[in-house]
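Letters A, B, C and D mark the chains as written, and numbering starts fresh at 1 in each.
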């Protein structure tokens, strides 16, 4: 079955997902595209023979559209996701699910009322082979119970518009979701520690360490460094009771010359996670073809909002902030 | 543009390519399938809505078929490839291109007469990211002129039907093609040395070292070991005048427990080269959509035949066998 | 010149240093040994032709003794180190320099009054090749200013007598000294976070993360895990403004079998640091031959006491504890 | 017991061994030094308080000398080793044991007549930790019977005086001895293949591949590359019936900057084998203290001569040369 997809938002990530759905993956066709920029959406939609919209809700309600991808500006996500749920259509929503905890809860309420999962949030690391192998090792018991998870999130540079809070809300949010998923438990409290400032980042608070206490007592220790120049480098290590599992280097070849051996580190997030994005969309399409969703849920989107809010408060006050979440509906058990 | 593909042969590799064309890659549809086993071809074709043939030539001449994939038994390849050339249709032919040098030359003659490349041979390593990076390093000059290429080709085990000559014709043939491509030159002579026999392989001559002298004087040193149990392990290293480039380990995570750190080695050729197969077919489809072919050519198929013939003779006689090839037509320059 | 050494204390480490001085290194002879256990000291001293003492101060004042090694019980260190300073003799003192900050300051005062360094404290990591290369990289500017240092200190197991505070005072003390030395600055504040408890350690607070803020704002993040079973594993990574330096794995060979490649991790601290101990004593002897000391000083011993005291308080209270140190005398500039 | 050593030859390696015996290792004193260069020997001997000789045989017969180190010019080795045997003194002889097979046999005859091993030849790789671990793995059965041993011997550059035959006699000789020791068997035949010439080496035949067939049928495949610029890089891998053991990289730290991670390769043989030399001499002294020798024997020196002679002939003629050795005396069983 071919899933007829409508895409809302034609920024960089929207265009990349359109490419993925039309040129990389089988099983779908992009039949409608929406953007508030009429000229841009027409250019993009024409190239792939899709209908154009400037109103995302109208796209969602297009009877030809089976499933929706939301990649528009964050503040618009709630409206579109709620509209998709109202229409009973599977919706893939890039992070954030919504920009406030309350909005996330409204989505959860709507989805719970609908009675079946429709929402998938764009935490692509859960589809990455390396992280999946890491989770398999944890679940196999090879390293005993997981006690500490260290995550490293390094960007070569960020644009001038990047703010200190974005290091938590936009960057560490991936490590936060990964931690919840790998350890299979919720966050109890968050602290943020600013390290010596990287002068390459101007006034930016960078790098930082985000520390999270999990329900089991396990500690998550996230280094976020967004101007480290050398590469886009993602690290992860879980120390358990009897062993350790670590993400490996990713270079395909090693070169020896001039007294050294050398391997490449990934240059950017697209290079690092291109396969994960493909798998993410493949699994989303498989679920959408069955009228449902898989992977990171609205609950995970809500948890991310709660924890990053706590993180921003922790960074601002210097305090350890407790994380308070509502009870988890059975739909997300 | 969607390329309408006809697939000849529905063995393991044929079925895998049908899966690749229908479930993994965009840009094609499999409209016809042929196999001498009528029952099997009907089962497979029905599942994907394709027409069925028991005669490969008839499939080739089906006017709905834009391009052909040949994965049938080796001795049938010549007929099908020639028929595809006669029909002016791009054809992807799994190795061998044909089972004799003479047959390969007939294909070359036909393609040269046609005046444009139509034939692509299934040497998938040329599409592997690691090998492509290796080639880039050689061409960049970082290691100087390449002087020695060591290739390691290890299989965990082979079936009882596997013969000693197959280690050259079916297994080392990949390393032979890789060497010609990486070093960008032809083979001048071949020797084969049998090592101490691996008792896991019964009477099989295993492992062996295939030594090739290239036109430039560079030496290619191929270890073929087909019963080594531990994994499917492909190694490669080029020593140049000033440096070395080596294929890296491929594990995604490292586990530490019980006094050791450990990483996985690939289990079989499908795991090792799955991405290369996908890229190979993607690039074939892109070329086929333009009515031509890319990557390994009929010339490469011919060269493989000549060199493996020499290898079999070298193994049988214990002598160094010179490789004599006809002049390379301009089409393959 | 041969340095005539007197050794105080004949426990495991004392015996190991006697072996090192008599069997491994040239340039010294052990002429006197002291221990409160008369029987034991006589057995050990006889084997190497040394005089025996049960009173360490008497050994120090033996006119044949050029330089002193103190490996006795921690509470005795102050007396012996002060006596060595009074006698004007170079003294190597295993950690701790003394068991209280006040005692350390008395030693500093005495050494400053003497006017020349005589005291070297046993922080052997400063003599380890890997750490020295790490420090060279930091000083070279290759990674820019160091911003975060992550240290990992993992023991396979500890004896029942090991207490939670010892994880800071006896174990993390090495990472603390290493951090001060690598970053070349003092500690401003310490926090300690207990992770999910490793049940292999009974009631022990294990593992923990010791967080230190340095004068520059750099953060030191130490994982101490003392019952992790798999190996004695020491890790370290410094993130700078433009790059990262990391301790490498130490295995000498890799074995592939059963689907995996494997390398060994060091089994215990003796295996990991045997070469560092040898270098440490070689450099001590070289300095002692000139009537002075090198490497970790009484000031470093004092700093270790202050920071570990803060660490114990931080662990007990859950608070961030500021580190207050007296001004550094010019002798230790 | 202190072994009183006499050293014959004060070239670079002789001076290094004197340093090793006087400054690094305990258990010996250098009491006599000989060199035909009177001025040089006096300078060196005076510095360490040793007697001087210009006649190596006179040094050997000095009643104060317990054991002898021969590091003089190769053609003099036979005379000195025979004199040491005649005097019943343990003798460490740098490679070659002697410059002809016949001379080696005269030494063997003399030592057999003496009835106890006195001669140790300077193949230091047998004392290297990595190679010893490799041998342990082979003997453990983890990889099954060893079938192929690949050795890589790369030098950054050689002086103008270096000849093509020296690549076999002086360089590959270490790999040849290592192969005999690791596989625990003799060489049956040798071939030498010249690869594409490295233009950095002028007219030198470089690199080459030395192929050896062992008694068991195992193949040894040695790459010798003496002008490869990037480093002194020693590689080794044994493929067995069920697995593989490989020498690991030796870098102590990894640096990430500028898109890459990097580790150092050893710069020269002194850096690579400094520890092996120390262990070699420590074990020699231990044996010498008991009036005998250990490790590589006169038999190993003879085997090296026979095999390198065959290698030189193989390189000169292009033929496979059979290796003929006399029966191994029981002394070397």
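One rule holds in what follows: a residue touches a chain if its C-beta (ideal position, glycine included) is under 8 Å from a C-beta of that chain, and two chains touch if they have at least 3 such contacts.
As the structure is a prediction and not an experimental result, all values here were calculated from the model.
Asks: Would you mind checking the shortest number of contact hops between subunit B and subunit D?
Replies: Between subunit B and subunit D, the shortest chain-hopping route counts 1.
Asks: Measuring between Cα centroids, which chain is at the maximum distance from subunit B?
Replies: Using the mean of the C-alpha atoms as each chain's centre, the farthest one from subunit B is C.
Asks: Could you work out how far the Cα centre of subunit A sits from that of subunit B, in whole Å?
Replies: Taking the average C-alpha coordinate of subunit A and of subunit B, the gap between them is 39 Å.
Asks: Just curious, how far off is subunit C from subunit B if you go by their C-alpha centres, in Å?
Replies: Using C-alpha averages as centres, the distance is 58 Å.
Asks: Do you know which subunit D residues sit against two or more other chains?
Replies: As it turns out, subunit D has residues touching two or more other chains at 229-230, 233, 242-244, 249, 251, 256-258, 263.
Asks: Please output the residues of subunit A touching subunit B within their complex, sorted ascending.
Replies: Answer in residue numbers: 22-27, 129-130, 133-134, 137, 142-143, 242-258, 263.
Asks: Where on subunit B does subunit D make contact in their complex?
Replies: 144-148, 150, 154, 193-200, 207, 209, 211, 213-214, 216-219, 221, 223, 225, 227-230, 233, 239-244
Asks: Residues of subunit D touching subunit A in their complex?
Replies: Against subunit A, the touching part of subunit D is residues 229-231, 233, 249, 251, 256-265, 267.
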